[in-house]
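So, here come the structures, one by one.
Two complexes come next, and they have one chain in common, chain A, joined by chain B in the first and chain C in the second.
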Partner chain A sequence: MRTPYAELLTVLARHRGVLGSFVVSERDGIAVDSNVQIGVQAEAVAALAASLHRKARLACGAAGGGKVTFLRLDAERGGICAAGRDDLVLVTISESRANIGLLRVEMMRAAKALT
Partner chain B sequence: MADEIRRLSDDLARDPSSLVFMPLADALRRAGQFDVALRVALRGLDRHPYVADAHDVLARIHADRGDLERAADEWEMALRLDPSHGQARLGLGFIDYRRGDFESAERRLSAATDSDGGVATALSHVRSALAARSGGSVPAGSPSHALLQPTSPPIPEFPAPDLSRARQLFSPVLDDTDQTALLVDGDGLVLAGSHVDATGSDVSEIVAAELAGVSGEAERAMRHLGLGAWTSLLVEADGAVIAMTPAPLGSLVVVAASRETPVGLVRLLLDRALTRARDWLARVA
Partner chain C sequence: MRAATAAVETWVEEPLARFIDDARVRLVLLLESSGRVLAQHGFTRSVDVMSACALAAAIHASAAEIGRQLDGEPFTSLHHHGQARQIFLAELPTARGSHILLTVFDDATSIGLVRLYFTELSKRLAAPAPALAAATPAPSFVDFESDLNRNLAKLFGRI
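Entry: the complex of A and B
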């Protein structure tokens, strides 16, 4: 079934180095829609990304930093980016060669349209 | 002390343009609340940039934070504004002494007037240190002799920084008042550092608790993806940028800066805080 997020996930997936993207519910960690390459364990990663986003949101709130707009988890060969709105979080998985700056702008713009 | 701080805070709130920020900042410094003291002093100096005593107070805060370079800058500014400022000379002498430049310390302290509290005693200690270094004898039983013994505390007349306090672990690597750093263990308990929110409240424990388990989840996510070990987590929010990185013993170094701080600078700050945390953990663990 095609969801309202299919198009934006497709756009994100076209970025260089992006292995996949999905929209996940922060509350329960369940992926609402995804567009990932074969071999990517979308469900497990979606749940973990949602949990990280939630922890970051709570920590930011406690620190008086306000609402989280963008999150980036870096690893040796790539990482995860997340941008949320209300309960929904847009997540991308990327390799090191991805242009994170461009991806960030695209994700923050797309996150504003999440409903 | 708490009553004094409360009273001075009330006074400052009633008249923000008054000079009461100086005793307030100094009281906060003496209470070990360096971040808040620094904020109060800097705000006061925005209004009163030409008050030598205000620069002296700020210098003492920097010195207690272990930032001798900035302390020296402020004491030099105090001296430029008031060439007879004895406490500034005493402070600069202290810094020279700490750097092992006893000759310069002696010159500075000799130029201070007799009425400056502590100058004569400090000068005596510096001369003793000079004599000891050049192989001269220091009379047994003299105060200077006692102070030069290995088990003696540092010269008490100087505002010696206390870097052993874990809460101030990261003070030397933080560049301005909007930056904070924390070292959090795997259970979300604060090991070192502090985080003060915009109202001046210390919210370190709450922030640390909310971050419990972050390291484990980041590690699991990366394992599922086969992208290697996680190196950092950067969170951009409306009013702050928060960055964290794994540290030894399953701990987490967390730094926070205002939203205006460039992200690259936050990452640099994170690297510096991590280096300091590693050193500290190696000593205490």
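Entry: the complex of A and C
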């Protein structure tokens, strides 16, 4: 089934080094739509990334930092980025070679379209 | 203070404790499809365990039958979302046959995480389950009540 998010996920998937992108419900940890390469454990990443975003949002709120606009997690062979709006979170999984700056700009733009 | 976990059979203890820690769920019941309890976490009264087991077994049986009639295959998991709490009820296949897991959680976690760790629990429980030959036989109707009472007594430290 095609969702309103299919187009923005396709745009993100075209970026170099992006292994997958999702729109996830932060409350449920379930992917609303996804565009991932074969081998990516979509359900697991969606649930864990949504939980991570929620905790970051709560931590920033408690620290007086206001709303979380962009979350970036760097790992040995890549990373996870997340940008949320209301209950929806846009998540991308990328390899180390991805251009995170460009990805960030694209994700921030796309996150504004999440409703 | 963390609520206590208790199991009638030791092979479920470690995997279940890990599920509870990872998934951050509040209440857990592991039972046989007959309704006989194998493990519990978070309950303080045996009467609550007994009621929850009976209801869980009945709900699971009903859902499975609806699945068979609608889809030709039994439905194996079910999720209900309340105002503050949610339940996830699912069939848990092990080497000792199908069991049922009932878990109650709140907004400290999510259904996505509970499903994720439930899948891991299934894999862990499949491994250490004692062989079928050594398994406890299914209770007869005559033995059911005494088995249930014995298990409840074990879980609540009266044996």
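The definition used in the following text is that the second predicted complex is superposed on the first by the 115 of 115 C-alpha atoms of A that agree within 3 Å, B and C clash if a C-alpha of one lies under 4 Å from a C-alpha of the other, contacts with A are read in each partner's own complex, and residues count from 1 in each chain.
Heads up, the rule we're going with is that contacts are C-beta pairs under 8 Å (C-beta built on N, C-alpha and C of every residue); 3 or more make two chains touch, one makes a residue touch a chain.
Everything quoted here is computed from the prediction, not taken from an experiment.
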Query raised in the report: Putting chain B and chain C onto chain A via the overlay, clash or fit?
Result: fit
Report task. For A:A59, select first, second, both or neither according to whether it touches chain B, chain C, the two together, or no partner. Result -> first
Report task. Based on the superposed arrangement, let me know which partner A:L48 touches: chain B (first), chain C (second), both, or neither? Result -> both
Requested in this report: Pick one for A:V68: touches chain B only (first), chain C only (second), both, or neither.
Outcome: first
Query raised in the report: When the two structures are overlaid on chain A, which partner does A:V40 contact: first (chain B), second (chain C), both, or neither?
Result: first
**Report entry** Superposition-derived comparison: chain B or chain C, residues of chain A touched
**Finding:** B
Query raised in the report: Where does A:L88 make contact in the superposed view: on chain B (first), on chain C (second), on both, or on neither?
Result: neither
Query raised in the report: With the two structures laid over each other on chain A, which partner does A:I30 touch: chain B (first), chain C (second), both, or neither?
Result: second
Query raised in the report: What angle, rounded to a multiple of 10°, is defined by the Cα centres of chain B, chain A and chain C, with the middle one as vertex?
Result: 100
Query raised in the report: Minimum Cα separation, chain B versus chain C, post-superposition (Å)?
Result: 9
Query raised in the report: Once the complexes are superposed, what residues of chain A are shared between the chain B interface and the chain C interface?
Result: 44, 48, 51
Query raised in the report: Tell me, which parts of chain A touch chain B in their complex?
Result: 19, 40-41, 44-45, 48-49, 51-52, 55-56, 58-80, 93, 95
Report task. Would you pull the chain B residues touching chain A in the complex into a rising list? Result -> 195, 197-199, 203, 206-207, 209-211, 213-214, 217-218, 220-222, 224-240, 242, 256
Report summary line: Within the complex, chain A is touched by chain C residues 107, 109-113, 115-116
Query raised in the report: What residues on chain A touch chain C, complex-wise?
Result: 24-30, 43-44, 46-48, 50-51, 54
